[in-house]
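Both complexes shown next keep chain A, but they swap its partner, so chain B is in the first and chain C is in the second.
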Partner chain A sequence: MNPPALTIVGPRINSSRKIIAQAIQEKNEALIQHEARIQHEAGAAYIDVNAGAFLEQEVEYLPWLVRTVQAAVDAPLWLDSADAEAVEAALEVHRGKAVINSITFEKQRMDAMVPLAVKHSCGIVGLTIDSIRVPTEAEKKCEIAAHMVEALTAAGIKKEDIFVDPVVMPVGVAPEAGKETLAAIPLIRAAIPGIHIVCGAGNVSFQLPNRALLEATYLAMAMAAGMDVAFLDPCNTSIMASIIAAEALLGKDEFCIRYISAYREGKLGKK
Partner chain B sequence: MADLKELASALMRGDAPAVEKLTKQAVDAGIGPKEILDGGLIAGMQVVGERFKNNEIYVPEVLIAARAMHAGMKTLEPLLVKAGVKPVGTIAMGTVRGDLHDIGKNLVSMMMRGNGFKVIDLGIDVTPQKFVEAAKDQGANLIGMSALLTTTMPSMKATIDELQRAGLLGKVKVLIGGAPVTQRYASEIGADGYAPDAASAVDKAKELIGL
Partner chain C sequence: MNPPALTIVGPRINSSRKIIAQAIQEKNEALIQHEARIQHEAGAAYIDVNAGAFLEQEVEYLPWLVRTVQAAVDAPLWLDSADAEAVEAALEVHRGKAVINSITFEKQRMDAMVPLAVKHSCGIVGLTIDSIRVPTEAEKKCEIAAHMVEALTAAGIKKEDIFVDPVVMPVGVAPEAGKETLAAIPLIRAAIPGIHIVCGAGNVSFQLPNRALLEATYLAMAMAAGMDVAFLDPCNTSIMASIIAAEALLGKDEFCIRYISAYREGKLGKK
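On to the complex of A and B.
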């Protein structure tokens, strides 16, 4: 089967999950490598690694995760950390082109991370958050994105290495926020050609029942709006089924062949 | 008294127009504002808080209850002021320095208001100095700090140190919360109280000021 047109970043190796935190602490390579392999096989182009639960040891654990994961799968990683030292240590051992996940449009965080991205010519994720607030409105998100991309390209980062994240918020607590992020995507596309737009919809369903349904539906809508990279668990079959369906509906699956083969393979639910 | 029960249940359903109407009816029937507040609005909000604590309802259901409470308070607030009814306490609530998460803090603020507290909302990214000023100049007898990041939890300690320097520690009670915060951490940094959710936050606040 052809790979999906949507670029998927696998989020499972995150230290906020108890089993991952434990595996990191015990240096359980087998478990981490298994988590990496299943995501890669299920269609993740990138694997995200996070050791943020360990404030003190992150600088030691993050490079360990990089080495461990890349010993098992041949994929570039997203280095999920707010700590520049940990990111630097991870970049030192990373093979291929990593992506720094993430910065906000705040001087302090830009000053710490941007030189690392330039030095290692890797990718970087920028959230549409500035030092003043976390805007909900689409226009404001786009404005921050434009300023941030300007600063990043001025520093020497290529546009195709920039991933703008317009920040998905939980609709259960901020009912207007869902549609604003969706509205921000085409605005950002039009204002800043050549960059990537990434969303993670795991949070959209926070505090609501049947979370996978909301996540899958939101991702499909974000794809229609122009998102090209998604932070999602490719091992979640119901979410993946929606992604495959959305690609067929959006004309990104020639003759719907991928949709049909996914059906034959039983990936779209019961035949 | 029947209509106060109905008022409470309208609030629990989050039916703002009904709450507004029933509040006005109760006022017209000559029931005192304090009695309407306690027996109607707060009574309803307490049930909402309890159900939320027990995971029986979802956050959006708390939000519409708070909106309904607001609809009733529009009528009641001026009457309470006129009658000289004092809030049960005044709490300065804020998300600590470096932290922008405010959903949990807002829920706690709502529950506090829903239980008769006056809330001074300091917003997000609140410096220790701003908390101290709220206690000094705005008459808060409680400070509520929220942190959602392990990296911003130390700001709570910084605020407590600042209160100490201002000679306010002990006089103003400090309540902390947020997903990564624990009772153990609260004890460690010398906060007066910790609560895991918005309904318990109210109970704890009342306990701290001796209610």
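On to the complex of A and C.
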């Protein structure tokens, strides 16, 4: 299959999953590498690695994950950690251009991570959260994003290395959460040209049934709004079918060649 | 199930379907009434009726469809015809507020249909097509819509009775078609407050496989963009699942009550 027009970050190597936590503890390279390979083959351009469940050992486990994954796939990683020491250790062994995932617009978080991003010329994900709150309103998200990007570029990070995540909260708890985050995307696009906008949809469906349906629907709407990078499981066929359909519908798959191939390969489900 | 936040127009009673054409010719009331009932029960607020396959008999068949459908369901109809005589005959027997589906912004079409809409105080669908062309570009669609709504209101039609359809062409033929029509929706919303925006997604997937996937994905994106009325088959469970998910994600289903009920009733599919 051709590479997707949407840039996909594969989220499966996350220590919040029991099977992954166990594999990390047992240094089970084969399992981690399998998880990396299936995501890469299914279309992930980046592989996210997270060892956050192990507070004490994260500084040891995160670089181990980097070496293990990069021994299996030729892809850059997202270093999913709030611990600057672990991120630094991971960056030391990372090959190519990594992405730090993530910072909020808070002095302490910025001071810890931004110098690492500058030193290693890597990418960085900025959540639209500041020290005061996690705003729901689209305008406030855009305002935080603009201030954060200003600070990041002033520190020497290129716009093309910045991934703004307009953070969506669960719609089961906050009914306006999806709508406002979707509205934030074109606002951020217009206000801050040259950056990436990344969304994950795992949160939005929290505590609701049939999460893949909500995630697939949300990501298609976010693509239409202007998201260019998505945190999604490319091995989930119902989510990928929706992404491939959205690309065809948004003119990112000329004459629907990828859509038709995916259909022929049985990747779009029935009907 | 609660009524959907999106207004649905059920398209199944269309003479381009063989089974419907045959039922019309045979005056098979039971079949037509069954098609009306299943759509109404599945959430259609309006039922579309079309006898356009019968050029000569449309003036007889369209009012027959109106009487037959309204004997079975208590719902207003969309009179899907280009023939003003057939529409007039149908309006004479229609109970409640019908909608004329549709006109283009062309003198001949306007002159024929607008007086009927005024006389019967009914709704009218306006396609963003003028005598020169069927534009792809969002801005041009919006421009035609604005001129058309101006002419319709000048003739005495209320804004709330106008349904603008920004016409989407097949993406398999015109790669930009979906993107531009989706972009037209917020432009039209902003330029012409108070009207309805209606989309159908049947066209967009023309000659592509797995049409329900494209239709469901497109309609979710159109809802996020601001469409409030959709021409869709409410009996198609994969399309309806997507609509119900989109409503939950867009804050139109507070605390996801309808989404959760639909799940419990087995209407969202598996997972």
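Basically, the second predicted complex is superposed on the first by the 270 of 271 C-alpha atoms of A that agree within 3 Å, B and C clash if a C-alpha of one lies under 4 Å from a C-alpha of the other, contacts with A are read in each partner's own complex, and residues count from 1 in each chain.
Following the convention adopted for this analysis, a contact is a pair of C-beta atoms (placed from the backbone, for glycine too) under 8 Å apart; a residue touches a chain by one contact, two chains touch by 3 or more.
As the structure is a prediction and not an experimental result, all values here were calculated from the model.
In the superposed model, A:A151 makes contact with neither chain B nor chain C. In the superposed three-chain model, the partner touching more residues of chain A is C, compared with the other of chain B and chain C.
After overlaying the two complexes on the shared chain, residue contacts for A:A5 are found with neither chain B nor chain C.
In the superposition on chain A, A:A241 makes contact with chain C only, while chain B stays out of contact range. Applying the stated contact rule after C-alpha superposition, one finds that A:L249 touches chain C and leaves chain B untouched. Once the two complexes are laid over each other on the shared chain, residue contacts for A:I129 go to chain B alone; chain C is not touched.
When the two structures are aligned on the shared chain, A:A42 is found in touch with neither chain B nor chain C.
Once chain A of one complex is fitted onto chain A of the other, the partner contacts of A:M221 are limited to chain C, with no touch recorded for chain B. By the touch criterion stated above, A:A82 is placed in contact with chain B alone, chain C being left untouched. When the two complexes are overlaid on their common chain A, residue A:A53 makes contact with chain B while staying clear of chain C. Overlap of the chain B and chain C interfaces on chain A comprises residues 172, 175, 208-209.
Per the touch definition, chain B reaches chain A in the complex via residues 58-60, 63, 100, 103, 107, 124, 150-151. Interface residues of chain A facing chain B in the complex, by the touch rule stated above, are 52-53, 55, 82, 129, 133-134, 170, 172-175, 207-209.
Interface residues of chain C facing chain A in the complex, by the touch rule stated above, are 171-172, 175-179, 182, 204, 208-214, 217-218, 220-221, 223-225, 238, 241-242, 245-246, 248-251, 253-256, 259-260, 263, 268-271.
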